[in-house]
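Below are two complexes that have chain A in common, paired first with chain B and then with chain C.
Let's turn to the complex of A and B:
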């Protein structure tokens, strides 16, 4: 629906060309795409079993350092597990948590935002109050406490993060809904007898979708960072499942002698989060005809 | 102005009450505290005994009511493990964490305000692109990874800074930098967009056409108006920094309330965790309230809005 907002009707090809000229967008898209492919085809790409221990090859350095071996490109960890394979499988955890959290939080936050923004008045007061209460709670701290009691697993992490980090969706969707609520085509639909849920879904949702998409990518980056932090603190993904945050926690004891055990997964987290944020920023720039803000 | 403050105060109090109830319920419903405390090898009778002695066998509402009446009198309970009062545990450590958070915010503001302003003056210049790249990179760096990287470079390889503990001021440098890096991206972006927006206004063009130097326009006109959202965000960031102290303090082994909370979470010391949740929420609520009042005082237009 961006076409309506820009002064010129932007055909798909024009939009494609603008996207291709946006360096950050391309970079972010490329890295995220490659990571997704790696995560899906992990069993075919990974040279070794990510949890198979081989104590004969403990703490091998990466190939480019002295003592590195070509069959262990990134070396091995303290249990002799292939670091590259663990890195490849670790991308699965990050992406699953990122996408699933995005869906749960996006659904909750957008629903609240639509309801508050469309109905206004007393309903909106309640929605605003709920958002305020959520914002006042320290998200990561609550997640830590709850997960320590429930027990860390992929499912609990996704659920807890999804139920916590919906606030930005709610804030943005609420404001965006307020802006289109009084448009003529909404009034026309109302006069024609359309119900409020129908109007929200068919008239308002398409018009605020690009806002939701931007927030979704930025929040996906947040979720990936949160999972890494939880796993690093020992309250997230349980060993021996490979998660990048957990790999850093395990490599931490060897920080003095083998710093690459921390650097490798750390750079992986950094690149994936950077790419996701770049994609979000790119989407925002591309949905605004006047360009970068 | 007085009725504005009174209204805000009432809502803040209500939010605080709701948050305490939600936090309390979350901690109680997420798992069996008595079983967590008893350990893995405890018998059913031992668990029941702990449940009774801790008062965990009462209804959730009764427990919350007694917690709330205690909290109102400043009594936050006693730690399940050290048997000290939660209040004294907190008081012994709050100074350390407050120093970390405030210093980090000051560092973050001294870096992000000038850089954000310069970027706004020359949109799409090399400086603007550099500022944006810095913000993006800072956002993507997990704080624990940055902390370990700094330990590895400045602590181990260069041996410039001590890597853990809090005995000398030097011990605080790396934790403050790590916390500040977490706060800089949002502050820098907000300064940039806020100043850019103000610079497009007519009165800035008038000031420029009168030949007033750019530096004075920036400080007297642009920043005066762009500062309001920055004050609000700083208040939010200070609350975030207190929460973020859990990770940073545990990496650098600094004995503040962050590390206390992390250890309490690990061993199921519920009264301490509940107190920390409440403390960070209360800090957030009070800080944003102060920011709202300060903003309304600086900008009378805001007082009209509910």
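Let's turn to the complex of A and C:
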């Protein structure tokens, strides 16, 4: 006779098991992980210098097409630079912009949300007003205007995007904080003598963290896409630094003769953004109780 | 001996759309070292608000005034942030009605228990954990090692309330305020928790301020009690005296509301009046069986016995009350 199981496995194990059954989460996590590894070890992986020009091998097609060469797997661009190497180094820009923007925007938005949601009253009115001001601005348009004034560089892009796209963090964190702050355990912490910042950090933050994580991944995808758009418009990363958006822009004039110059970096952007979004969706599903998908 | 907590003439007003809500109107009580004091009353009579004012947790819109409000002879109204923080945890601890929401759902209970201990710098993490372990053992949440790592959702309501009590004891408070500590628990668990509270009080010598609507709980745990009605204390005295010789008609009526086998329940007619605007005379007169015209103008404070006072026009001689039927031996509640 089989014995009746008396206890469930530990919550951590259960969570792992659920994560491994979630296809989107696995896919997103895998792609993002591989991209991060590639970005970190770019100098060791890339077969060529990404900005070295070699006009003798201009516009080579990828290996599997007619005229492709094994030492240039994805061909070369109009200046004879190895396309694979540029793609590999380009992932660095995308990831740096994605993560840095996420951190800056996340810090600003969460701080506003915590303060507004916890203190309420007049403080909350001010926070809500600031959020509404931000929401009434078309984000990418403002980013375009500011960057065309200041000039594009990696730092300006990160700063501008980070200082602009914190609205979702603020809205969600504020609401989530409001839901938690009236719980008895907050009163208990106050009665135990804890200060407001301490309560926000130690009692409320762990309760809100899963919301922040979900938004962070979605916003990261948004930031990656924004950088690509800005670079494509010539307002972002400056040549010759490889950026996927810039690669599409440079390949655009050869769209009909050499379409791979556009679709290769295009697919890269698509995959990375899709992966981050799927990861976000996966985190959202996994942070909810079982059966409430 | 000077009392631990001394409150005189406490008033709490809450401004609202309909006018100023006079939620608490001049109540006085004091709690001595090691004493256990109960405040009873129906929902909305202001008993929780009284507890909140002592804890400094009143909503911001509430306006508090008092003739005296002192903790160990220090004026609490003059307390700054640091003194409140010191009083909280070290002086006064609290346990709440709903053990389901009184613990942070995303932190293991061990981490939650040691927070205030570490916050008040009573020792390092190891000392905090060993104290938490001792207390859990004391309140019967075992095996300690495993429990410390568990999350609140892995425990039953009774266990969580035990954890709450252990948590409140972490910093050795002088006074524990228990706001309806057993209301959310089932009856057998209630008895266990009350017995535990009583034992711990005897062990540690702390004072207890018990907020409840359950006269059985009062009889079980408290030394002295106050009966609140619509923001006023209508009768106060030792538990034995108040429950066996109730002097105020409201107290008598409350006691008649307790079920006795074979007898029909006697409800109190009418509803609690709105506490808005100027209020004069006895607040209970619209529901009182003994009301007379003078009740609208004056409410004298009378004494039945030393320490047993009530606010009513009707005089009671010591030999018996006008509502004899409600007088019951104290054991009846236990």
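Observations, loosely collected:
Definition applied: the second predicted complex is superposed on the first by the 279 of 293 C-alpha atoms of A that agree within 3 Å, B and C clash if a C-alpha of one lies under 4 Å from a C-alpha of the other, contacts with A are read in each partner's own complex, and residues count from 1 in each chain.
What we mean here is this: a contact is a pair of C-beta atoms (placed from the backbone, for glycine too) under 8 Å apart; a residue touches a chain by one contact, two chains touch by 3 or more.
Everything quoted here is computed from the prediction, not taken from an experiment.
On the shared subunit chain A, the superposed partners chain B and chain C are arranged side by side without overlap.
Of note, the Cα-centre angle with chain A at its vertex and chain B and chain C at its ends comes out at 90 degrees, rounded to the nearest 10.
With both structures placed on the common chain, the touch criterion links A:207 to chain C but leaves chain B unconnected. After overlaying the two complexes on the shared chain, residue contacts for A:142 are found with chain B alone; chain C is out of touch. Contact with chain C, but none with chain B, is seen for A:198 once the two complexes are overlaid on the shared chain. Touch criterion met: A:190 reaches chain C, while chain B stays clear of it. In the superposition on chain A, contact of A:255 is made with chain B only, not with chain C. Set against each other, chain B and chain C touch different numbers of residues in chain A, with B touching more.
Once the two complexes are laid over each other on the shared chain, residue contacts for A:221 go to chain B alone; chain C is not touched. Of the two partner chains, chain B is the only one touched by A:235; chain C is not.
Between chain B and chain C the least C-alpha distance in the superposed model amounts to 14 Å.
Residue overlap on chain A between the chain B contacts of one complex and the chain C contacts of the other is empty.
For chain A in complex with chain B, the residues that touch the partner chain are 129, 132-133, 135-142, 144-146, 148-151, 221, 225, 228-229, 232-235, 245, 248, 252, 255-256, 259, 262-263, 266, 269-271, 273-274, 277-278, 281, 292-293. Against chain A, in their complex, chain C makes its touches with residues 55, 57, 60, 81, 84-90, 92-94, 96-98, 101-107, 112, 115-116, 119-120, 151, 164, 167, 171. Of all residues in chain A, those touching chain C in their complex are 11, 121, 183-185, 187-195, 198, 202-203, 206-207, 209. Against chain A, in their complex, chain B makes its touches with residues 11, 14-16, 18-19, 22-23, 26-27, 30-31, 33, 36, 123-124, 136-137, 139-145, 148-149, 151-152, 156, 193, 196, 239-240, 242-244, 246-247, 250, 261-262, 265-266, 268, 273, 276-277, 280-281, 284-285.
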